[in-house]
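Shared between the two complexes below is chain A, which has chain B as its partner in the first and chain C in the second.
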Partner chain A sequence: MRAYLPGYELVVPRDLAEALALLRDEPGAWKPFAGGTDLMVLFEAGRLAHRKFFSILQLPELRGVEETSEHVTLGALTTYTEVQRHATLRREFPMLCRAARETGGVAIQNRGTLGGNIANASPAADSPPALLAYDAQLELISAAGSRWVAYGDFHTGYKQTVMRPDELVARIRCPRPSTNAKQYARKVGTRRAQAISKICFAGLAEMFDGRVAEIRLAFGSVAPTVVRCRRTEAVLSGQKIDAATIRAARSELAVEIAPIDDVRSTAGYRLRVALNVLEEFLSRLAANE
Partner chain B sequence: MSEAQQDKATTNAPASAPTGEPPVPKAAVEEAKKAANKKPEPATRAQLVPAGIVGAKMSEIERAVPLDEPPPLPLNSELKVIGKRVPRVDGRLKVTGAAKYTADVRLPGMLFARMVTSPHPHARIRSIDTSAAEAHRQVRAIHILDRVLGNAELRDKSKELPAKFPIVRFAGQPIAAVAATTQAAADEAARLVKVVYEPLPFVVDMDKAREAGAPLVFPGPADQSGSAGGGGGPAGVKQKGNVRGPVRSGPHGQPPGDVEKGFKEADVIVEGEFRTQVQTHSALETHGVVADWKPEGLTVYSSTQGTGSVRDELAEIFKLKKSQVRVVTEFMGGGFGAKFGAGNYGALATHLSKKAGAPVRLMLDRKDEHLSTGNRPDSVQKLRIGARRDGTLTAIHLQSYGTAGTGTGAGTAGPAQNMYECSHISTEESDVFTHAGPAAAFRAPGHPQGCFALEQLIDELAERLQVDPLALRDKIDKSDARREERRIGAERVNWSRRHAPSADKGAVKRGIGVAQAVWYRLINLDSSVEVRLTRDGSVELLSGVQDIGGGIRTALAQVVAEELGLKPTDITLRIGDTAFPNGPASGGSMTTGSITPAARNAAHKLKLQLLEQVAPALDTTPDHLVMRDGVVSRDLPSTSKAYKSMTFKQAAAKLQTEQIAARASRNDDYGGFVFKNEKDAFGFGIGTYGGVQFVEVAVDTETGIVKVERVVAVHDCGRPINPLALESQINGGVLQGISYALYENRILDRNTGKMVNPNLEQYKIAGSRETPVIETILIEEYVGRNSTDAGGIGEPSTIPTAAAIANAVYNATGVRMYEIPMTPAHVLAALKGGAAKKGVNA
Partner chain C sequence: MATNKNSNGFRRNDGNNADANGKDLKVVGKPFRKVDARAKCTGQTKFADDIVLPRMLYAKLLRSHEPHAIIKSIDTSKAEALPGVLAVITGKDLPIPYGILPVSQDEHPLCVDRVRFIGDPVAAVAAIDEDTAFEAMNLIEVEYEKLQTITSIEEAVLIDEPRIHDYGEGGNVHKSVHLEFGDLDEGFAQADLVREDVFFYEGNTHLPMEQHAAVAHYDSDDKLTLWTSTQTPHYVHRALAKTLGMRAAHIRVIATPNGGGFGGKSDPFNHEIVVCELSRRTRRPVKVTLTREEVFYCHRGRHPVLMKIKTGVKKDGAITAMDFESFLDGGAYGSYGVASTFYTGALQTVTYDVPRYRFKGLRAFTNKPPCGPKRGHGTPQPRFGLEVQLDKLAEELKLDPAEMRLKHLAPPNSVTANYLRIGSMGLGKCIEKVVKGSDWKNKHRKLPFGKGVGLACSSYICGAGLPIYWNNMPHSGVQLALDRQGGVRIQCGSIDIGQGSDSILAYIVAEVLGIDPFDIRVLTADTDLTPVDLGSYSSRVTLMTGNAALQAAERARELLSIAVAEKLCTPVENLSFADRRVFDVENPETGVTFAEAVVLAESKFGTIGTVGSYTPPRSPGKFKGAGVGPSPAYSYSAAIAEVDVDAETGFVTVERVWIGHDIGRSINPMLVMGQVEGGVYMGLGEALMEEMIYRANRNAVHKFPSMLEYKSPTTLEMCDVLTYLVEDADPNGPFGAKEVGQGPLLPVMPAVANAVYDAVGVRVDEVPITPEKVLAALRAKARGKEARFGPTGVPAVEWPDALKVLTPAEGGDGKEMPRVAVHS
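Right, the complex of A and B next:
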């Protein structure tokens, strides 16, 4: 049943400084409320335990997409719709755009934010595999200042991150992939929209001279957090892609990930499909597609 | 004179006579009384009516038409309004949000209510403490249920466990409700009601419930009352443990055939065990009411598909006269069979309104909706079919089990009994009680399940016999409509390109499948309409019938407009209110076939009254006048010297009184019924409806995802009144069928007895991106059994979809799917030759 609305508090800070001051003065008491598309689901189900929130949706400091020759930097409040409409992202970051397109439905895409998707830390979230494959970095800010962390180091356990209670995700920075890089993303859900993933994959690779020069593989929904599969990457690194390497990569991946049974799928299904999707990506690389 | 007698009197009047009360001598009254007791056939005239399928085989047959009914309509091609694609007369109101649904009703001083429901699947309630809730500042009334509607009830009440409150038999069972000044306060106060439970052993899994020693749902034989739209299997069936049945039957409701003999005569036998899941109705609008109790009577705004059935049930519960209960359903957002009764929520809201002296609104949330308002039972069906080498069927043997939770009506035998010619048919259907919410009628009860098994096995038989599945059906299916539908569909889908199973190379494999439906010509004779004409030329139609979403408002407008030579938008429609003449409940795809003849007959009577009054001004008698295109004229070419006319408005202005009205009820079908149930005025018409669907799928063999790419749905429903609305119904039926085949699944946790996915986040329904290209084709089949010859489509359109998808998946992959939903994990496991884990929405 829906939670009792008068039992909740929501304040709207005037600016970023005021928001960060809230976090500093009462650590752990206040939590940010961005698009609310994760939080309102909990509220509606009567499972939103935290009671005090502050809105960040109105803060311009957390908005916007900036480009340099090296990077594209996205504000934490960037919505899925904004991602899909951005020319550079569409050209160079197709996996992120695809994740945005396949997240929820149009209403969720208009309202949901990348920062919320990351901070919510669901192992089934759809943008994180792409961000992992792009080797993204996150800027975390607090009243005390700002720091950058590699996104690959951000998630430490189920719903656990390196973010402190007084911090916010401010920006997401992705190095622009080389034009030679091959990108392949695949979301497997129950439906084509409005469905949390059974599994989600993002892979980026560069081939040089018929061999794997660089490869990054990331999965959602196969472990307690979204994961980069570095051991499988190591198996492939420097190799030619043929039946034997594909077999080796499959065996490595099978032990590197640890999917579970839940309401959306089974461990067995997830494992089998993860291996099939990896094979599909590698076959495409081999065929230079 | 009672209304019924008045109808009788007018029924016997000659067609051209003005209606109203003729002067009746005393002797005639005596005569009429005698006649009424004898129930004579109404006076009739013989008339030729069109019969057959347009484009295939047409002829004329003679029917006995009651004297006061209008002459038979010609084919649709010769009509102005009927059979044309008419946009819904209320479409604009709906898309602009102006249409008022139950949830939009706001009455002065209205309170909001919330139910208290059980978290336990089986429990005895020790105590209920409402003091904390009562102390809540905003609470105005609390009511505890002393009788739970919907669950089956013990035949021998003395067998019930001793208890002060009703025994809880499923998680989500309503116990009480609280009314407060705001919804948030009602929600909060409901949590303050302290219920102490003594949990009892439970079983929610059908297979487990069948085992000896399983926890019993009822401590003795139980029946579910079918009165207000429970699933309601037959009463008095023998019961052992949780298993109720089997009910044995044969073709078309006759005694079972000798299948042993049939299998001996067979050259080929195919068999399989098929499983289907529980599907919840999940109408867009949840169940709910606004109940307004006043000393003089009760008014209830209800999201219902039966204004009359809700009135009757509330009158009974609250010991009111039916005339003291008014039920209003101006607009509703779907019911699919789950919204016939008053419901526990309706009874609770009424009790609360009575106690608080204020109107009370009680709308269910999605969780309550999934748990306690009905569902389509699951099934496990063992089906065996025997055939001669030439395809002739010698035996069909079905053994099916299904759970309707705490209800009954999980049978699946309709298709096996009624689709194909077969010398020996025997079906054995058993209900299995489980500690889960009671089922309710759901869009063609039993048929999507039954078809899923039957139509796959017929395909398998075709493969064994090495004949085309369509050719086999041509041989064993006697329905002319389906024969034509197969021909048209096969051409449209280009059936001849269909390849051998699993012929595609790559990871994505495509296939085509077919399956067909059978449904019945059900008629509710309690279908009445009044049509009024006022001197300014305005026309009104009044009936208690509600528009469940199928578009009956528009169909009624068309029928009246056709008869009066007007446009549908000229008719003002007042429906969905028991203050008007009794309308039929919308179920069994009966609405159009039941109420449109009454509407046409009433409009015809009205027309005769009008013509009688204006004939002198046109220098003729009524029988020489016609009404078309808004003009009343002599039935002559307009070039003729004697031609005379006036507009409809001018004619209305000549009325001797401000308003005239005519009323008609549904008469028996011309030629009668297969059987008629006098008690609830229900007629089972002669013949059946068909429907054939062709499906193209793509199966991704890496992920197991099935994508339905195209559906060609060819259907019949008698004379189509509004092809536009019919197409919408077919689209909806197909989508619900796809959703049933691939996504929807009510999952109960065996360890807690609770539903794991009581929402629309994890209870998945096909969405817009799963919508394939749907091509609908309607054939016109005339049977000449009533004054509109129209039928229904809601149910037939969803019956064959899941079976057709399964046949297409087989054609794509060479692997047969014995279970729905065909989730990616199930499909992937089946492709690998294994079975997926049960009970997960994988």
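Right, the complex of A and C next:
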């Protein structure tokens, strides 16, 4: 029981190169510190092994939102508040804006960053299901260079990712969804703010000729990582949405996800709500809402 | 009707603002600001943790990480050797036990030979700064021998050994009571319908914004001063004298302004005693501020209570008999638990007529943080069960639940079956107000699936009729000193925990003396300087300190009147005190200023000071156990909640609450409204999400001792509240005032539960009503099972023989019936 912080070191690199050099020279020793909304909680609770931190919040290379006709690319330091205020994101990426609005409270939204939400790799994070449904790609940078990975391939296990100890998340690139795409997101927490999810869903689909032409389904808090439910998507792909399809999709989803009991909810509740939320999305698709 | 909760103004029932003699009131009934409001709003108020004294040390308590174990050894040598450490103490240094109730002196400032819950303190250090104290604390080595852990009511009644305490009713039963008022069999035989229901109310905690903090200074004259965030400085004073082996006259306890209490700062706490001992040893001031995690483990919050209620009713809903069983999970120590146990069975009878009543209550010891009083102390749990059961009874009888309640209200100025004397009783008006305001008749059972309304009522005491320790002295004392320049000083032992008790003193004295409340210096909660008030608990302060202040002020006015009447050559009865003047009502220009009046009085009588005190009336109950429940007056509340239930997720949103509260009279309607809304807010937390729960691996570790995961409503969950104040002056209240600090919380939880049923047709007979439980009940309903989530039974226990008392209607005298010897 402590109201006490251990000693720590916090440096402010002058530029991105200096930040990446820290990671290169002492891999694993330095923890990047962006908004700090996760790190400060863990640190105060004595659950963070690191004692060396470097701030990246001041690095302009990791900021900004760029648009091309194909993509919208967000700097890793884009805050939840910036997401909510961006006109294009509001118009074309409502699920991401909704996730940003439902993350923590106003103070957390002002400081917390998308890159941090991704790098922290919590299975209960709010923005990742939307990013999965938008088929996002991540740019990982290091002193050795840069590489792009599909966000769907980013998580490898509970709090495990393909990121190397010398890398930072630099940018998040999302293809602009077609104007025909239907989007539906839902977060269920104990309360409407300042609550980590019991379950979180994002779904995006395009219908053609009454059939599912493309569908992407993603959940948070139902597995060791946020998950894209490709098997359930396969069950739905090319199908008309009727009672039988919904039943088949529910059955597939029930075996595709593996929720657990924890302090926020139970496995049984999460499973049932996941199925109900999926059904709600599919019913809306069928009704062309 | 206004729908904006901030603009609906103050609804008065009587439409005027005059005292019992018809005199217009200038201060009472007006929405003055609090006397301490500006300091609170601008951050100037000095709380306990803001106190910094020269050469001050910091203390940390090492707390057990074992839930139940014998202390084999404690090695403090490494901690003592750490530079900057000035003292390390353990249980043997403070061997005298204490506890809030004389019958439960079962705590030690530091555990002597055994730890009983995770968080029980075993050693303490004082060091030059908090970091050094923390480091030293971690250098203390404790060797434990583990004992079996008892984690639930069910385990406690089954497992006799090991015993958590060696006193109580045997095994791990702390207290069990069995009271019977009237012939229950006859009552149930008369009933047209009898229902038996089982309910569970999970424990929750106070969650004050301010963590507990205390600073002790044992000075060079061997006098000890303790500044502490407490609701009960007088009881802390007594506990310090006992445990430190000091004369009470050498100890001064100053209660600092409270950043929230809600019952959580009503016990004397181990950290308070520990800093005093550390200061005595080091002769330096010592401060301790608990971490938020420690506050969760100190707890003393709402008891988890399992209940079985059997109620018989006639076709029109008239109750013929009620049999109430409650099982309390007390945690590791006694605290207020014996009183809590009685409270789970006391107030069932003051809302509706219950002619025959039986109460069986049992409190168990478990290896968890001790439970105690939280807002409503022991009564929200039975009230939840009772009001939900009434909703079920009304449905079975095809009666409107509001009509059914209205028809069978307990009458005013009556004595209940269990010998509680009811004075004023405004519950009927409260129900009528919320029924009309909410458009109940067009909503109940008429809204679309997913939307619903629910009604519930409640009552609460305006101060416990008896003190914590037996004595015949007043419960509250006020001293008034009048300065010849017109200043007035009020001294009273009461502590303002945010409810506005300092302000109430000023308003009442200002009203009587005709001066401005902000002219008055209010000095409270300092055992060296103020007469005893028992503390800010049991909703006693406005009624008791208010009456004491009223008496002191009237005595001062009398002295001033005599002197001024002499000077003005006017009869005393012609004098009026208003607008900082004392004048002849028949000739208002003839008068003196208030300051001149004090000069005249001081010239005539010498230094002007008066006292007032208040002792509650004797209760008609004379049986053993009659001490819990009696009060000078009872407040009443009725609430209707309107909810939205999402059947997909089980998520309950409370959209609006209409609440009527019988306040007797508002001393300050703005503060009353604030308390009502605060009660609704806390009630929503209890109804929907708050719970003190522990990991199930038998280690009894709190699942989430932090504000991150112990979920309490945010501003987004707070609903609109429409408040109706019913003002029907009670003869025992100052200007007729009754309580509001606790009562309005009580109807919220059952109103929400009843609304959930109205919305989706499932009963969640358990608090909190989480989405998981709603969804489970909906699933049961869809599968054709009972549309309910809740407990199914209570443990079978052997109750002691009933203590039988004839009811007043049966000609009883409030005494226990002689037990008839059975010859075989």
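We take it that the second predicted complex is superposed on the first by the 283 of 289 C-alpha atoms of A that agree within 3 Å, B and C clash if a C-alpha of one lies under 4 Å from a C-alpha of the other, contacts with A are read in each partner's own complex, and residues count from 1 in each chain.
The definition used in the following text is that contacts are C-beta pairs under 8 Å (C-beta built on N, C-alpha and C of every residue); 3 or more make two chains touch, one makes a residue touch a chain.
Small disclaimer: the values here were computed from a predicted structure and weren't measured.
Participant: Is A:Asn180 touching anything from chain B or chain C once the two structures are fitted on A? First, second, both or neither.
Facilitator: In the superposed model, A:Asn180 contacts neither chain B nor chain C.
Participant: Looking at A:Ala193, would you say it contacts chain B, chain C, both, or neither? Reply first, second, both or neither.
Facilitator: both
Participant: In the overlay, answer first, second, both or neither for which of chain B and chain C A:Val263 touches.
Facilitator: A:Val263 contacts both chain B and chain C.
Participant: Quick check on the output: what are the common chain A residues between the chain B footprint and the chain C footprint?
Facilitator: 1-2, 4, 41, 45, 105, 188, 190-196, 198, 263-266, 268-269, 272-273, 276-277, 280
Participant: Provide the residue numbers of chain A that touch chain C in the complex, in ascending order.
Facilitator: 1-4, 41, 45, 105, 186, 188, 190-196, 198, 263-266, 268-269, 272-273, 276-277, 280
Participant: Considering the complex alone, what residue numbers of chain A touch chain B?
Facilitator: 1-2, 4-6, 41, 45, 105, 188, 190-196, 198, 261-266, 268-269, 272-273, 276-277, 280
Participant: Once bound in the complex, which stretches of chain C touch chain A?
Facilitator: 63, 119, 130-131, 134, 289, 291-294, 297, 648-651, 689, 703-704, 706, 708-709, 711, 713-717, 770-772, 775-776, 779
Participant: For a test of understanding, state which residues of chain B touch chain A in their complex under the given definition.
Facilitator: Listed in rising order, the residues of chain B that touch chain A are 114, 184, 187-188, 190-191, 365, 367, 507, 702-705, 743, 747, 756-757, 759, 761-762, 764, 766-770, 823-825, 828-829, 836-837, 840-842.
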